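Per-chain numbering from 1; labels A, B, C and D assigned in written order.
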Amino acid sequence: MAFSEGNLADHLGGLSYSEEQIELMDVATSFCRDKSPIDKVRKLIADERGYDPAVWQEIVDLGWLGIAVPEAQGGVGLSMAEVAPIAEQMGRRLLATPFATCTIAAQALLAAGDEAQCGEWLPRIVAGEVATLALTEPHGDWNLDHVEATAKASGDGYVLSGTKQFVTYAKDAALVIASVTVEGAVRLVLIERSAIPDGALRREIIIDETKRSYELTLDGITVPASALLDAGRSGTALGQIELASALLQAAEMCGGTQSAIDYTIEYLKTRKQFGKLIGEYQALKHPITNAYVGYEKARSHMLSAAHNFGQQGVGEIAVRMAKASADKAYSFAADRAVQFHGGFGFTHDCDAGLYRRSAIWHASQYGDAAWHRAKLADLLF
Amino acid sequence: MASRPTAAELAEYEAQADAWFRENTPKDPGFMLPLTFMEVSTDQQFEFLCAWQRKVYEAGYLGASWPVEYGGGGLHPDFQRIATKVMKKYDGPIMLNAIGIGWAGPLIMDIGSEEEKKKYIKGMLNAEDIWCQGFSEPENGSDLGNAQLKAVRDGDEYVLNGSKIWTSLGDRAKYMILLARTSNDGPNKYAGLSFFLSPMHAPGIETRRIKKLTGEYGFVQCFFTDARISAECLMGNEGDGWQIAMKTLEYERGAKVNLAGGYFLKELDAMGVVELARQSQRGGKPLLDDPVMKDRMVDFMMDIQALNLNNQRRRMGPLVQDRPMGLALMNKLARTEMIRELTEFSIGFQGTRGGYYVDDPCAVDNGYWHRSYLNSFSATIGGGTSEIQRNIIAEHVLGLPKGR
Amino acid sequence: MAFSEGNLADHLGGLSYSEEQIELMDVATSFCRDKSPIDKVRKLIADERGYDPAVWQEIVDLGWLGIAVPEAQGGVGLSMAEVAPIAEQMGRRLLATPFATCTIAAQALLAAGDEAQCGEWLPRIVAGEVATLALTEPHGDWNLDHVEATAKASGDGYVLSGTKQFVTYAKDAALVIASVTVEGAVRLVLIERSAIPDGALRREIIIDETKRSYELTLDGITVPASALLDAGRSGTALGQIELASALLQAAEMCGGTQSAIDYTIEYLKTRKQFGKLIGEYQALKHPITNAYVGYEKARSHMLSAAHNFGQQGVGEIAVRMAKASADKAYSFAADRAVQFHGGFGFTHDCDAGLYRRSAIWHASQYGDAAWHRAKLADLLF
Amino acid sequence: MASRPTAAELAEYEAQADAWFRENTPKDPGFMLPLTFMEVSTDQQFEFLCAWQRKVYEAGYLGASWPVEYGGGGLHPDFQRIATKVMKKYDGPIMLNAIGIGWAGPLIMDIGSEEEKKKYIKGMLNAEDIWCQGFSEPENGSDLGNAQLKAVRDGDEYVLNGSKIWTSLGDRAKYMILLARTSNDGPNKYAGLSFFLSPMHAPGIETRRIKKLTGEYGFVQCFFTDARISAECLMGNEGDGWQIAMKTLEYERGAKVNLAGGYFLKELDAMGVVELARQSQRGGKPLLDDPVMKDRMVDFMMDIQALNLNNQRRRMGPLVQDRPMGLALMNKLARTEMIRELTEFSIGFQGTRGGYYVDDPCAVDNGYWHRSYLNSFSATIGGGTSEIQRNIIAEHVLGLPKGR
């Protein structure tokens, strides 16, 4: 009697989980809840750094920066599948830190770094030094291989030029991994923070006030030749970065969706209008139920993306489905969260707005639902 | 229950089942087979499906895990799961006697008396005794708790008066699971309901076939006029009716697995939609080259895959910690609405040929998609409308207040 | 304070109406209501011909077949704008006759017929002889210039071959206007019913049981050279036919949408469940309201299409918008009509099914909403 | 009322107005101007808009059709319509004093006393007296009829206690149209409501600014603590409050035209969305080359055009025979929901740049689209939420029963 659409499932992979994943999920659930109550989230909005260094240190001490880093480099030796549930809980509590960008930076190094580069930077990242990515450019295109910034050979090293946007947590970063073209080919390059003049970073005004992001002007920054990652693996690395980012975003977004729904349900259960709890009105009750159905679908996709991550073919499909369905679910849930809070929903004090802005932010980075569906169309048909 | 089988035992069983279904699964019978037990329209279809169910049963692949003394196979449930999986793999026709083996059977196995088990189970499995369900009434389609069909105790009998409707196979069934009102005095409307395993062939019980939206037949209205049934037909006690009925609805809503095995609904052929789009032309090009169509198709594929994954996940405790019943209770809603939307969408693929209907020789896939769309409403309406499903999820999963 | 989006309106034309249009609308409203009560509609479903010849004669006597035919050819000399409100009321009452197909056939003659062809056929159509179109082919493509049927010169005339589908009311037609290719170029050809052997027509099983349609096998049918319409104007004529058909369909669909909504509202006002009128439940009340909003939007588009019909550029945009939005509105309203009637909605006795089937039929002929949107994308951007 | 002008008179007037607005419509002031009167956040914006309204008024293009004795222009309404059309053509800033000239003004002209007209109208028109509205309360956002702010008669005064919220321009206004409860004894909650033209600068009236979803300011919460206002502020009689408030809501819901002219909301720049898509890149190509985006864009263009046509049609009696009020009552719902969807959609066009917000130098159109989307909720919530609008249409147009 079950409806399994087995024919499709055969193509698209199934679901499973590891013990470690569940353990990390349980720890992350209480950690994020305890460390990131909503009043703290709001306090950090006004803070220049945007996160609490003490909490960041605890995250480092928990070893979470090394989850998907091999033991040889000081990591735990698990995989992105085990990182996802942590990102989910962070998204749920709007706990902002450089966690995601550090994790992705480590994956970039693993994908295209040589022994020396990995040997130097991975342990430092695991130990809590911030690394971030500078991939996006003013053209706004989501294609990561659309790169206009350049690195030109000059003496022993390279001189960079161009502008990078949405370099998250760059101010605190020890390392920025940027994409540039070298003689027409896209390459990744390691830029140490010390090489970046203070004036090259401009804090951006972004839609998600809980996060921090910077514009980085590369013009005139010089790096040694050893700062370039492997030429042959740069293309693959960008693909890896895109998928790893999308996975962590999907996880964060699922968490945020859950909170947007929970927060709204709480209001529907307590707010009265016309003498009734507003949760009795099907005009609110049914859409929030639809939002919940959308959330559970997105979460299944996200868990599948975590489980299948790295699987040739299936992995990419699963990740893109996860990001696309998380965008749809989060946008809808947060949009309705604003609406269903009525006048209060339209104030800055209402948390619905935090979720709505977070959803827009995530959609804008590494592709929105429409973008990933277009990619899926090519993969599926 | 039988002891847990070894992997080797299961593998051997699967090989046997595979061979059997490969050999015996019927090919195209030359007429259209129903996609669900609710669309059995002709005698030809009915007899074909009875024969198939009996054959599967006799081969041991239905009721395999039910006790031998009642007609089952006495095996561990894992065997039946394998048999059902193989049955699906070969895309065989549905098991016809859905209300029997899917609702009444599990119920009787759960809470029935020894006599009831002896009397009913085997006949269900071999499709000799077809069962139907009498819950809905003309005036109370969604509001089952308000059922008004009267059952009045008179000595060793109950006298039935009233009407039931949307009774699939009602004109072919031997038994009905019947929700009837034995009292109006209870503290609420539910307290006066009782549950019967009622014969259908009794004086005073008549059925009238109802033509469906699709143009087919498949369910009936039943009229009870001073119909007398034995008092032994009462299941449990007077007043237990609502609780018992809710148990069976849980089976239908997918919140519990059924125990006898088999399936009663054909899966939607999702890849068939893709194939349809590939074969359809628009402006001289395959429709699947059209990015707009592809985009919507991707959306459907994501939706179908999400439901697959939900079905896997709902049995994985750690992955459903926050709202353990959520995935189970949303399954019916999400699945039936998706099918409605997808089949509706599939009609647009057919260009001008979307104008044909079932049985026109030029109809695409003999009208399968049109019929599937129109039929999809049986599932978004029957067994609790989608609107009611949303209430159930809102109230039982999200804890929202019940509307007044 | 009004929200007019003037910048767009400037491009897309506005709305107006003629006195004659309103008069015809009023007459058609009562005529169709009186002549086509729903039990009669259902009786005619079982009738081979599918319509009442007496009603057809009344329609002829009212002069409706000649509305958009010049006075010189025995018509009234008005335009398609005045035909639309009649089609709307017919759609509303599911009053099936060859009215639409005759009207379009006359437009085809006007678009590409010479004096002799028009002079012979237009008065006969105005007088009630049935004319129909044979344009559609087994490939299913909505492009009317995708024609595989052929006419080959043979002696004084042409021998036809190929298959045409969805030739509505062909059995009763005195004239069939078919599209064929002559030496690779698409042409329209007049086929008199007397030239069609009985075996060449097969009644089709179509989704809308209130209408009648036939498959026509052209193989071996011979026509004189004078039966070909003007070569130079055939392309334009097909364009005209497409738009005129879409306009009348949009009108019929608006009428059907209105009825589907009215019929459902009636049920919501009288049916009780759980001790309340089901129309009190917002789960039903709000979607039917959305259906109504969609209906009014579609009707505005349809009235604009009627008003702007024949205007270069604006006319085509308005007609395609009308058909696309009518399809969306009708499909949604009828789909919800079935659902909201619950178990009864799933029976053949419930009128919701009639509307749902009618909506599918209309979507299938001359393009559905997606098709017209694609055409609009080319016209607008 | 002045006599109907000739076409020549109107043409001459239009030429004059055209010349005036061409000359005087302000160019980009160097800071962001609010799109509606609900988003006046800074003093700079406020002063700029006051000056602009006064300038328009003094040139004779606002209140042109209101009587000369109260400060108007004394012309036939056709002149004002032309002036407003030309104002729109040059896309000038909004008229700031919306509650004054759009709500209170028409109301006073309709049912106000001679004294009220003399006292209030001119100051509204020249923006000297800013007005605000006090209907909603913290506990009764949608349920206006349940307003609890108390007004107790004490000699020649009323004593006010309670709170109003979502009051646009509340911190800058001189007057408030105020719905207050003068009695709890009526047959229903509505009967105890009264309507006041209340001063805002009175002891015991305090305001607190509320930060909006967009990050801007623009409305306040008002606290009334034993605030005393003259009994002459009462409009009509005690108990008339609900009827009078409903009149003003009709103006807002677009069911009536306002008489003073001007506009208070900037139109959405629909063609701007198209332009945005044309300029945005995706995979190195203009986004408007993407068929999927184009398809959705077509849908929006159809929707916008439908609303245009609805607005024309609602005044054409023969074309709205069946449900004469339908188009008028759906206008607010359809328009505000369309804008919410379209502005949300427009963010997706911007690719990575969708991450920027207002005031980032790299934000597309300085964040116009993001702000418009977030602001769109003010319209889907304020003035009766979309959910309530659907109830209104269902009940008043379709005749569906009121929910209990």
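Keep in mind that, in the parts below, a contact is a pair of C-beta atoms (placed from the backbone, for glycine too) under 8 Å apart; a residue touches a chain by one contact, two chains touch by 3 or more.
Keep in mind that what you see is a predicted model, and the values were worked out from it rather than measured.
More contacting C-beta pairs link the chains of A-B than the other of the two pairs B-D and A-B. The chain with its CA mean position farthest from that of chain B is D.
Rounded to whole angstrom units, the spacing between the C-alpha centres of chain A and chain C is 52. A straight line joining the Cα centres of chain B and chain D is 54 Å long. Computed from the mean C-alpha positions, the centre of chain C lies at a distance of 43 Å from the centre of chain D. Shown for chain C are the residues that touch two or more other chains, namely 281-283, 286, 370, 373-374.
Residue numbers of chain D whose C-beta contacts span two or more other chains: 290-292, 295, 387, 390-391, 403-404.
Chain contact summary for the complex, chain C toward chain A: residues 281-283, 286. Across the complex, chain C meets chain B through its residues 136-143, 146, 165-166, 204-208, 213, 215, 272-275, 281, 283-284, 331, 335, 338-339, 342-350, 353, 356, 360-361, 363-365, 368, 370-371, 373-374.
Those residues of chain A that touch chain B in the shared complex are 1-9, 12, 14-15, 17, 22, 25, 258, 261, 265, 268-269, 276-277, 279-282, 285-286, 288-290, 292-293, 296-298, 300-301, 303-304, 321, 324-325, 370, 373-374, 376-377, 380-381.
On chain D, the positions that touch chain A within their shared complex are 136, 139-143, 146, 165-166, 210-213, 215, 280-284, 290, 292-293, 340, 344, 347-348, 350-360, 362-364, 370, 374, 377-378, 380-382, 385-387, 390-391, 403. Note for the complex: chain D touches chain C at residues 88-89, 102, 254, 257-258, 262-265, 267-271, 274, 278, 288, 291, 294-295, 297-299, 301-313, 316, 318-319, 322, 326-327, 330-331, 333-335, 387, 390-391, 393-394, 397-404.
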